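Paired with chain B in one complex and with chain C in the other, chain A is shared by the two complexes that follow.
Our next item is the complex of A and B:
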C-alpha cells in the first residue's frame, strides 16, 4: 500500500485518540495539564530507553505513563498542599521534567538514538519506514499498530467508565457524595492522556499534540449539546483535519504535523463564525415571540 | 441551647474541619431528629457547607465522627442524597436536564451498568415532581437559575434516598420556584424523609423549618425552632450584623412591603 495511505491512517488514529481523551480534558478545564503531560513524559521515555537499551514500545509506554502520572501528582500536590495557583503549579512542574529530559538526551546523546527535533515536532512522514512483518508478510507501519491498539484500548476504557467519567467531570462533589472515587477517575484519565501522548509523540511531537488534544474537542464543544455527540464530533473533526492537513502539507511541501494543526485552528475559527451567525439568526427569528409565556 | 435526642438520624460528635490552618467548623456536636425539615443557618463563612460536606465525607474531618442512621456514612451512602450548591458546577457542560437527573440513578449502580425501564420511570417521576418534565431534553446551559435548582433537586429525588442534605437550594431562585421547592420539601417530609437544608434568610426560616441548627464555626444552637429562634441566640450567631437585619425588617413591616420582593 502507498505511503500516503499509511501516513494519513496514522494521522487519523492519532487525531481520534487525542480527540477522545481531549474532550474530557477540555470539559474539566484541564487542557493545559494535557500540555504538561505531553512534555513531562520525555524523561520517562529517555529513562525507559536507557534501561531497555532499545526503542521497544512497551518500556517506553510504561516509562511515559509513569512520568505522566508523576507530573499529574506533582501538579495536584503543588496546587492542593502547597497552595500554589494551578497555572503556576503546571508551569513549574512540566518545564522542570521536560528540561530534565532534554538534559538527559544531550548528555547521553552519543549513545541514544533519540532526536530532540523529533521529540519536539515529530515526523509523521517517516512512519512508513518502520514496518513490521510477520512471517515475511508486511503488516504495515509499526506506528499504525501501536496507535491503533492504544486507541482501541482507550475506546473500550472510556465506554467502560463512561458514566463515572461524566459525573466526576460535571459534578465532582456530588460524585464523591455517592461514594465514587474522584481521584481514581482523575488518574484514570491522566494515565490515558499519558499513554496517548507518548504514542502520538513520534508522529506529531510534544508541541503539536496539544493542538490535537484541545482543538477538535473545543470545536465539537461549540456545536453539540450532549457529551456523547461532542466526543463523536471531536473525533470526526480530528480525522477531517488530519486528511485535509496531509494534502495541504503535500501541496505546500511543508511539515505534515504543522499543517494538521493549522487546519485544526482554521476549523475552529470557521466554527466560531458559523455558531455566531446561527445565534444571530435564531435571535432574529424568535424576536417577535420573545415575551410569550414559557 | 443544644437539645440532644434519642435515636438520632444524624449524630455529629466533636467534629472539626480545618482548611489551611483556619478552622471551618470547630468541635461541632449535635443530634438531629428523624423525619423533619431542619434548617442550618449562620453568616457567610460560618461552615454551613463544610458541615454538609463533612457529614457526606466529601471533606475529611480533622477530628470527630459522624453517624448517619446509626452507621458510618460509607455504609449508608445509598440512603443519603447530597445536593451541592448550584454554583458549584459548570452549567455550560454538554448535557441535557435528563442527563443530569440520570446521574442520580447511575450513582446507585456499578460501573458500566445501563439504565433499565425502572430507572427511566424514576427519572421521569422525579422530573415531574419538580415541574421540569417538559424541559427534559433542554440543554442545561439554557436553564434559568430556578430551573437549574429544580434539575438538581430532581437528580436528588432520582436517588430515592431517605435523608437529604441540601446546600442553599433557595439561593438565587425566583419566588415561584422558592414556593415550589418549599411544597416539595413538605411533601418529602410527609413521605418520612429527613431534610437538612442550608438556608440564609432569617425571615422565611420560621415558616420553613421545624428544627434549627445555628452555626458560626462553633455550634451556637440546635433544637426545635420555637426554642432556638430567639433573639439572643440569633445575635450570638450573627454577631452585630443581626441588629441591622432586624431594623430593616421592622422598617419593611411598618411600610407593609412584601419581604421577599424579587
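Our next item is the complex of A and C:
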C-alpha cells in the first residue's frame, strides 16, 4: 500500500486517540495539565531511549509515565503544599522538565536517534520506513500497530469506566459522596494522557500533541453539551483534520503535524462563527425585537 | 569536563567582543522579561505568557518571508503582531463561547505554534535552508546575537523599564483590583492594553536568547521565585529582574561551552534551580523557614498554656505543684508538658524544688499577661458579639497567643478597665 495511506492512517489513529482523552481534559478544565504532561514526558523518553539504545516502546512508556506523573505531582505539590498560584505552578514545572529534556537531547542526541526537530513536530512522514513483518509478510508500519493498539485499549478502558469517568468529570463531589474514588479516576485519565502523548510523540512531536488533545474536543464542545456525542464528534473532527492536514502539508511541502494543527484551528474558528451566527439567528426568531411589527 | 569548565570561566572574563555581546544581550533580555513577568504573575495570567511565546513563531516566519532577510526589527514586529493577536483571540473565545480559559489557552497556543512550524518547514524546504537561522528562535541561541541587536535590546529594555516606572501605580492597581482601579478613574482598558503590548514585545525580543518554546518560563519563574522572598511589589519586581538576569547570563555561559548547544533550556534550568531553592528556603513562603516559624510559635503557645495552668492553680493555693497535679489540670499531653516545662525552666520562667514546680517572678508576670488577654477577650466577645459566657472560652484559647500589647491596651480601654471576666474570674493587672 502507498505511503500516503499509511501516513494518513497513522495521523487519524493519533487524532482519534487524543480526541477521545482530550474530551475529558476539556470538560475537566485540565487542558493546561495536558499541555504540561505532553512537555514533561520528554526527559523520560530521552532517558529511556538512552538506556535501552532503541525505540522499543515499553521502556519509553515507563520513562514517559514516570516523568508525566512527576510533573503532575510537582504541580500538585507547588499548588497545594507551597500555596503557589496554579498558573505559576504549571508554568514552572513543565518548562523545567522540558528544558532538561532538550538539554539531554543535545548531549546524547548523536548517540540516540532523536533530535530537536523530532521533539517539535515529529516524524510522521517517516512512519512508512519502519515496517514490521511476521513470517515474511509485511504487516505495515510499526507505528500504526502501536498507536492502533493503544487506541483500542483506550476505547475499551473508557467504555469500561465510562459512567464513573463521566460522574467524576461533571460532579466530583457527588462522585465522592457515592463512594467513587475520584483520585483514582484522575490518575486513570492522567495515565491515559501520558500514554497517548508517548505514542503520539514520534508522529507529531511533544508540542503539537496538545493541538490534537484540545482542538477537536473544543470544537465538539461548541456544538454539543452531551458527553457521548461530544466524544464522537471530537474523533470525527480530529480524523478530518488529519486527512485535510496531510494534503495541505503535501501541497505546501511543509510539516504534516504543523498543517494538521492549523486545520484544527480553522475547524474551531469556522465552528465558533457558525455557532455564534446561529445563536443570534435563533434569538431573533424567538425574541422579536421591539421594533418588529406586531 | 575540565575544558568545559575553563570555557565557562573564560566567559566571565568578557575579553572576546562576542562574549560581551552575549553577556549584555542576555542580561537585558532576561531582566526585562523578569520585570514584565512580575505583572503577568500578579495578574494570575502567567500562562498567557506561554501563549504569547508560542504564538510569536508564525509572526517571525511571516516577517522573514515578507522581508526576505533576517532583520531583527522586522522579525520583532512580526512576532509582536501575532503574539498580540493570540492574546486577543483568547479573550474573544472565552467571552463569546462556553470554552473555558484553559482550553482556549491550550488551543490558541498549539494552533499558532503549529502554524509557525508549518511556515518554518516551508521556509526550510524552499531553499533558504538553514542559513535563515530561524531555527535558533525555537530553543534560543544567545550566540547568534550581534552588537547592533544588543543596542536595539538596550533601547527597548530601557523603554520597558521607563513605561513600567511611569505607569507603576496603574499596573499595580489592575494587578490587584481591576474593578477598584476602574472605579477611581484609572483607564483600565488602556493600562491592560499597554501591559499586554510590553509583554508581547518583551517576549518577541526574548526569543532570541531563550527561544519560543521556553520563553514563558522566563516570564513566570523569576516572579514566582521572588514571591518566596517578599510580598512587596517593588522588591518583587527587583528580585525577579535579578533572578532572571543572573539566570540569563549563567545559562548563556553554560551553553557557550558546547557548540550547537541551545541557550534557552540552560537558562530555564538555572532559573528553575533558583525557584526550587526558594521554594525550600525562601524567607517569606519557603517550606523550611515556614516550618521553623511554626515550631517556634507552637513552642511559645505551649509555654504560655502551661504558665496559664500555673496561674490558675495559684488562684487556689500558693505553693508549687507536682507533675501529677499539672497533668490532671490541663489537656496538654504529658510528653508536650514535659517538653514545655523544660523550655520554660531554661528561660527562668519556672523553677523546680522538692519535685514541685513553681512560677518564678517573671513567669508569674508572663502568666498573668496571658490570662489577662484571655479574659479580656472573653469579656469583649460576650459584650460586643453578644455571645453567651459558656461560648467564649474556646475562641479566647486561640486568640490569647496573638493579641499584641497595642490590641490589649485598646481592649482595656474599650471595656473600660474591667475587673472580672464573664465567668466572674478576676482579670489580673500588673
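We adopt the following convention: the second predicted complex is superposed on the first by the 287 of 294 C-alpha atoms of A that agree within 3 Å, B and C clash if a C-alpha of one lies under 4 Å from a C-alpha of the other, contacts with A are read in each partner's own complex, and residues count from 1 in each chain.
One rule holds for everything that comes next: contacts are C-beta pairs under 8 Å (C-beta built on N, C-alpha and C of every residue); 3 or more make two chains touch, one makes a residue touch a chain.
In this text the structure is predicted, and so the values were computed from the model without any measurement.
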item: Contacts of A:221 with chain B and chain C, given as first, second, both or neither; value: both
item: First, second, both or neither for A:211, with chain B first and chain C second; value: second
item: Which superposed partner A:83 touches (first chain B, second chain C, both, neither); value: both
item: First, second, both or neither for A:96, with chain B first and chain C second; value: second
item: Touching partner for A:253 - first (chain B), second (chain C), both, neither; value: second
item: Per-residue contact with chain A, leading partner among chain C and chain B; value: C
item: Partner chain in contact with A:179 - chain B first, chain C second, else both or neither; value: first
item: Touched partner set for A:264, first chain B, second chain C, both or neither; value: second
item: First (chain B), second (chain C), both or neither touched by A:164; value: first
item: Intersection of chain A interface sets (partners chain B, chain C); value: 29, 83, 221
item: Residues on chain C engaged by chain A in the complex (per definition of touch); value: 41, 44-47, 49-50, 54, 93, 96-100, 102-107, 109-122, 125-126, 138-139, 213-214, 216-217, 219-221, 223-224, 227, 258, 260-262, 264-266, 268-269, 272, 275, 279, 285, 287
item: Chain A residues touching chain B - in the complex, by the definition given at the top; value: 27, 29, 83, 159-164, 166-167, 169-171, 173-180, 221, 224-227, 229-230
item: Chain B - residues contacting chain A, complex; value: 20, 53, 56-58, 74, 77-78, 80-82, 84, 88-90, 93-96, 99-100, 103, 106-109, 111-113, 139, 141, 155, 159
item: Touch list for chain A against partner chain C, complex; value: 26, 29-32, 34-35, 78, 81-85, 87-88, 90-92, 95-96, 98-100, 102-103, 106, 116, 120-121, 207-208, 210-211, 213-215, 217-218, 221-222, 249, 252-255, 257-262, 264-265, 268, 272, 275-276
